[in-house]
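One chain, subunit A, appears in both complexes that follow, with subunit B as partner in the first and subunit C in the second.
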Partner chain A sequence: MLSYPTVRTSLIFLAIALVGLLFADIAITANNPWRDLGNFFLGILTPNFFSSEGLLTALLRTVAFAFVGVTVGGICGFLLALIYRFLPVRIFCAFIRAIHELFWALIFLQFFGFHPLTGVLAIAIPYSGIFAKVYSEILEEADPEPGRLLPPGTGTIAAFLYTKIPDCWAQLRTYTAYRLECGLRSSAILGFVGLPTLGFYLETSFSQGMYSDAGAMLILFYVLIATIPLWVRPKLLPIYVLGAPFFLGDGLPIVWGNVERFFTEDIIPSPIRDGEGLAGLMPWLEELFANEALPGIWNTIVLTQIALVATGILALLSFPLISNHFGGPIRRTAGHVFLVIARSTPEYILAYILLQLWGPSMLPGAVALALHNGAIIGHLIGRQTNTITLRSDAVTGFKRYTWELVPRVYRSFLAFLFYRWEIIMRETAILGILGIYTLGFYVDSAIQHIQFDRAMVLILITALLNIGVDALGRFIRRKLALQTMPTC
Partner chain B sequence: MTFKPIRTLLSSVALTLAFNTASAETFVFTAIPDEDETKLVERFEGIANYLSEELDADVRYIPVKSYAAAVSAFRNNQVQLAWFGGLSGVQARSLVPGSQAIAQGTEDQAFYVYFVAHSSTGLEREDRLPEEVRGKTFTFGSKGSTSGRLIPEYHIRETFGEAPEEVFSRVGYSGNHTRTLRLVESGTYEVGAMNFAVWEKELEDGNIDTDAVKVIWKTPGFPNYQWSIRGDVDENYGEGFTDRVREALLALDDPELLESFPRSAFIPASNDDYEPIRSVAKEIGIID
Partner chain C sequence: MAGFDLSGLTASFGGERVIGPLTLNVKEGDQVALVGKSGAGKSTLIRLIHQRVDRESSLVPQDLGLVNALPVFHNVFMGQLDKHATWYNTVTLVRPFKQDRKQVLELLDALRMSEKLWIPTASLSGGQRQRVAIARALYRNAPVLLADEPISALDGPMAHLVMQLLTDRFNTSVIAMHDVNMAMKYCNRIVGIQDGQIALDEPADQLVASDIMSLY
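Then we have the complex of A and B:
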């Protein structure tokens, strides 16, 4: 078995994660974590939908920010996709998508403040980068044949619209719809930094232990996501897109002088701002690296690798829940519900909940990342097994799982996992804001201390780390000849 | 979804930009989120109503999620007045030329930090920070808090000559004082440092399980919370507006509102009152 490169790669990653566990800070520090967890589930079972009059408004704002952000991101991303073959465009897109929505929001909060533009751009910018990459991949896959059949002299735009688009239309639509779901999640968590979406109230209720209120918000959020096919209809879309900007709320007016100040003063490294010049810059950078960047990078990598392997294990364990090859319809429905809940809950919110219940360590972060990402991959490969037809005399039960199904889906499983590697790292970094000592912790500290120059350097480092992992993930997928699918 | 006509994009962006309608006349203030939000909203809605009446102006309170967000909103002139802690006030005023501290609570002239411990530690109250806290798990409040971070860190460094991360086995930031109390009460952290006024108020309201958590040390006094106002409000809201705000705050005698802070009264304050906070923050390296 060791002769298979996929198995060898898996074992290497497993070993890295095990070594990581030795160094990781894994603990449950709460005195009575199970009582709190019990209270939390009790809260979900006894939701209080009338806790706050702001709840419905928050839900509306969550949808509005998602629509405006994803629309702007989709259009910009599509335009970028058309010129994606140019290296500078690729680098630019890789960079803007390597920075998480919450980091973008924290940056814009410093000069736009609580204006709707902060939330819209926080979603639109990273989504443009993601859309550009995936749209360009989809367009590239389009069949070139129709284009060759056109008469000479056909305009480029006409050729593009009549030969490429029809071929890719279904895929573009599916992927955009999927991003809209992601947009709702992103929009919800923006509330954690103060925007008027669901996260704002969720944070309030959780931090005060009002689990019935929090339960109501989570239930509303799941219903919102689960019913997307019902309320997001092609005919209604123009209404949503045109109407959404009216429901973003007023926020507070932008003072444009702040924008200039942010770029010309705030983010200039303090030694240069104070006129110490380059001589002062080196010790400043050294100190920043030694005390914040390096510990942050180390913790981010350790947690990412543990979460990646945990995600893989959970995906492999959970896909039978929705596979036609096991169990009856009742169990499959229950499996679907579990996976929908696990993947609809943003990992940031999961981590927040678990941190409140178990106390601070890497454990809540690892579990949250594994649950969310594992449920996504488990869902995708579970669905894939439903397309597999086994011989009528094939083994059943555990043997069917180990000998028939896992080997058949293992390659696409690995492809999904390595595809999500970069996503897991981006999330790991952001979890620092919650108090796990990853890069986000130091970014948040710098912002709390009003030292935006330090925050920007740390965000840049986070982005570079992400780009590196993205490249490594692509290298491994190519090396193992794993087919990648963009809709993951 | 994908191919919205360009005009859709333009109109949505234009609308977003046009949505910038909060009237310039509205006087907006915020406060550092140092306690449970529900309490803060209740308290500061009351203040907003009071100020609206006294100043005969439209006054609005906006809640924020972090100390830094309060400072940034003040700096960016999205709020003109703020209820800051000692440290956040020093940070904010150094970023806004001409801004000034105009009022503080009577209690804020000499404010205290309580170090609190879970009963399982067996720690007892002493008149100094007990040596035995070494090796325990410890939580601050917010990273930008005076009584939840700055002053406790200062005393930890004074006592042990080391950074908190070296003294304790685990250092966390709970976010606010109420949460510090809850986390130590539940044993998630063994030791914590918090605002004495929050402790006393929760104790009075019967919200503390005194079998689970107790005060082990009270720090010496230091200047803390204050109302700070931007230097340009007279220009934007009319001559003498700063004085009117100050007078209104000093005249506040609604016992219920005062009790919600909890403060017995507001008295005049000045920027110089907070010089000790600045020097401590500089020493620890929280401000440049």
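Then we have the complex of A and C:
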């Protein structure tokens, strides 16, 4: 077994996570966590859809922000994809997608305030970077032969429209629809920083202990995501896209003085702003690194590694739930429902709920990340096992799981896991806003103390960390010869 | 100018020379059949000629070069993409103009597949796909036809129909084919390729099938 590079890699990552557990702050600090959890589930079972009209407005805003953000991101991403072969463009895209939507929202809040533009840009900017990358990959895979055989002298645009686009159309459409679903999740969590979407409603209900209201919101959110194929129709799409900007709400007007001040004063490192020059910059940076950046990086890495391995374990445990190779239709339906709920809930919302119930530590974060990501990978792997045909005398039960299925899907399982490594790290950093001591915590407190210069440096560090993990993940996937399709 | 003089034609694959150096002069009115066993270099020669002749040719490549997701109409229309402005091509992609529709439909009618006008080429059979590529070459209407095994996937009557159409529409052509009888019937000049060289070059009416068989 140890001679397989995939097994060795898995064991190394398992060992890192176990060592990480020794250092991690894992605890349940709430006084009565199980009663709170019980109350919460009771709330989901007794949802209250009619407590206020705020719920419907929040739902409408969530959809509107998602549509406008994803549309703008999709258009910009497509244009960037056309020039993606240039290195500066690739670096630029890697950078903007390495910064989480919530960080972008926090930045824009400082100078646009609660204007709809903040929410739109917070989604559109990172999505442009992601779209650019994936679109360019899809376009690159198009069959080059029809393009070569066009009449000489055919214009570039006509050649592109006739040979590339039709060949990629189905894939472009599938991916964009998938991103729209991600956009709905992103839009929902923007509420946690104060935009008028579902997250805001959830936070309000939770802080007042109105679990039935929170339950109603969650149920509506699942229904919204699960019925996407029903209400997002190609014929209706233009109506949504053109109509969405009118439902973003008014927010507060932009104060342009704030915008100017943000760029000319706020984000300039304070020693330079105070005229201490470069001499003052080094001690400032040293202090920032020692007290905030390094602890933030350390905690982010520890939680990421624990969550990564927990995600893997959960995915391996959960894929049999929807696999045709085990059990009957009832268990499979239940399995599907569980996986749909776990993967439709944004990890940020899961973490928020668990944190409210169990009190602050790394535990809610790790569980939330593992649940969400594990359910996504478990779903993909489970679906993959359904395409495997076993010989009729194949062993059954646990033996079938260990001898027939896991060996067959293990490589693609690892591919998905390493693909999501960077995503897990991006989320880990952002969970800091909820009070776990990852990088997001230090960013958030710098912003609360109106030290935007520090916040910007910390966000920059977070982005670089993500780019690094992304590169490492790609390196490992290449080393192990693993291939994947993109998932968000 | 429909004829062409090409000299010094060579091609190498993996460091090994597969064609030439050879010289080929084709005069206007020459309907050349390239014959020879598979691997002799017929396809390579067609590609070389296409590179040299460039704009002046209608091409039917062996792998057809169709865009599978587009309907038959657009795949045929692509033969004249260079003749229209970008806006015209773009509008056509969404909503074809009437005169183009009529022209393409006439061609498809001649090829006995007018009912497939709006069917994506991905869902056509091999023979139908081949006829779409032929329709594109006809639609392009260049002075020279360069075709690589244009009837390989067609059944007997359809193969004759297509060859007749190609000979009628193109005064000058170079067609690679492995069916000796078809070559003798529809072409007026036979060029035999062996080991990357011209081993035979005679008017068709001065040859009998057995002369050609020595190449195989």
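Observations, loosely collected:
Throughout what follows, the second predicted complex is superposed on the first by the 486 of 488 C-alpha atoms of A that agree within 3 Å, B and C clash if a C-alpha of one lies under 4 Å from a C-alpha of the other, contacts with A are read in each partner's own complex, and residues count from 1 in each chain.
The rule we apply is simple: contacts are C-beta pairs under 8 Å (C-beta built on N, C-alpha and C of every residue); 3 or more make two chains touch, one makes a residue touch a chain.
Everything quoted here is computed from the prediction, not taken from an experiment.
Look at A:P253: by the touch rule set out above, it reaches subunit B but stays clear of subunit C. Once chain A of one complex is fitted onto chain A of the other, the partner contacts of A:Y162 are limited to subunit C, with no touch recorded for subunit B. Of the two partner chains placed around the shared chain by superposition, neither subunit B nor subunit C is touched by A:A132. Of the two partner chains placed around the shared chain by superposition, neither subunit B nor subunit C is touched by A:L354. Comparing subunit C and subunit B on the residues of subunit A they touch gives the larger count to B. Once chain A of one complex is fitted onto chain A of the other, the partner contacts of A:P151 are limited to subunit C, with no touch recorded for subunit B. In the superposition on chain A, contact is made by A:A170 with subunit C only, not with subunit B.
Within the superposed three-chain model, A:I306 lies out of touch with both subunit B and subunit C [touch as defined at top].
In the superposition on the C-alpha atoms of chain A, no part of subunit A is touched by subunit B in one complex and by subunit C in the other. Contact residues on subunit A toward subunit C in their complex (touch as defined above): 145-146, 148-155, 157-159, 161-163, 166-167, 169-170.
Every residue of subunit C that touches subunit A in the complex is listed here, in rising order: 54-55, 59, 61, 63, 65-70, 74, 78-84, 86, 89-90, 93, 140.
Within the complex formed with subunit A, the residues of subunit B that make contact are 1-4, 6, 8-9, 11-13, 15-17, 19-22, 24, 28, 36-38, 62, 64-69, 71-73, 75-79, 91, 95, 118, 120, 137, 142-144, 170, 172-173, 175-176, 178-179, 182-183, 186-189, 286-288. Only residues 29-32, 36, 68, 70-72, 74-75, 78, 109-111, 113-117, 120, 172-173, 176-177, 180, 192-194, 200, 203-204, 207-209, 237-238, 241-242, 244-246, 248-255, 258, 270, 359-360, 435, 444-445, 447-451 of subunit A touch subunit B when the two sit together in their complex.
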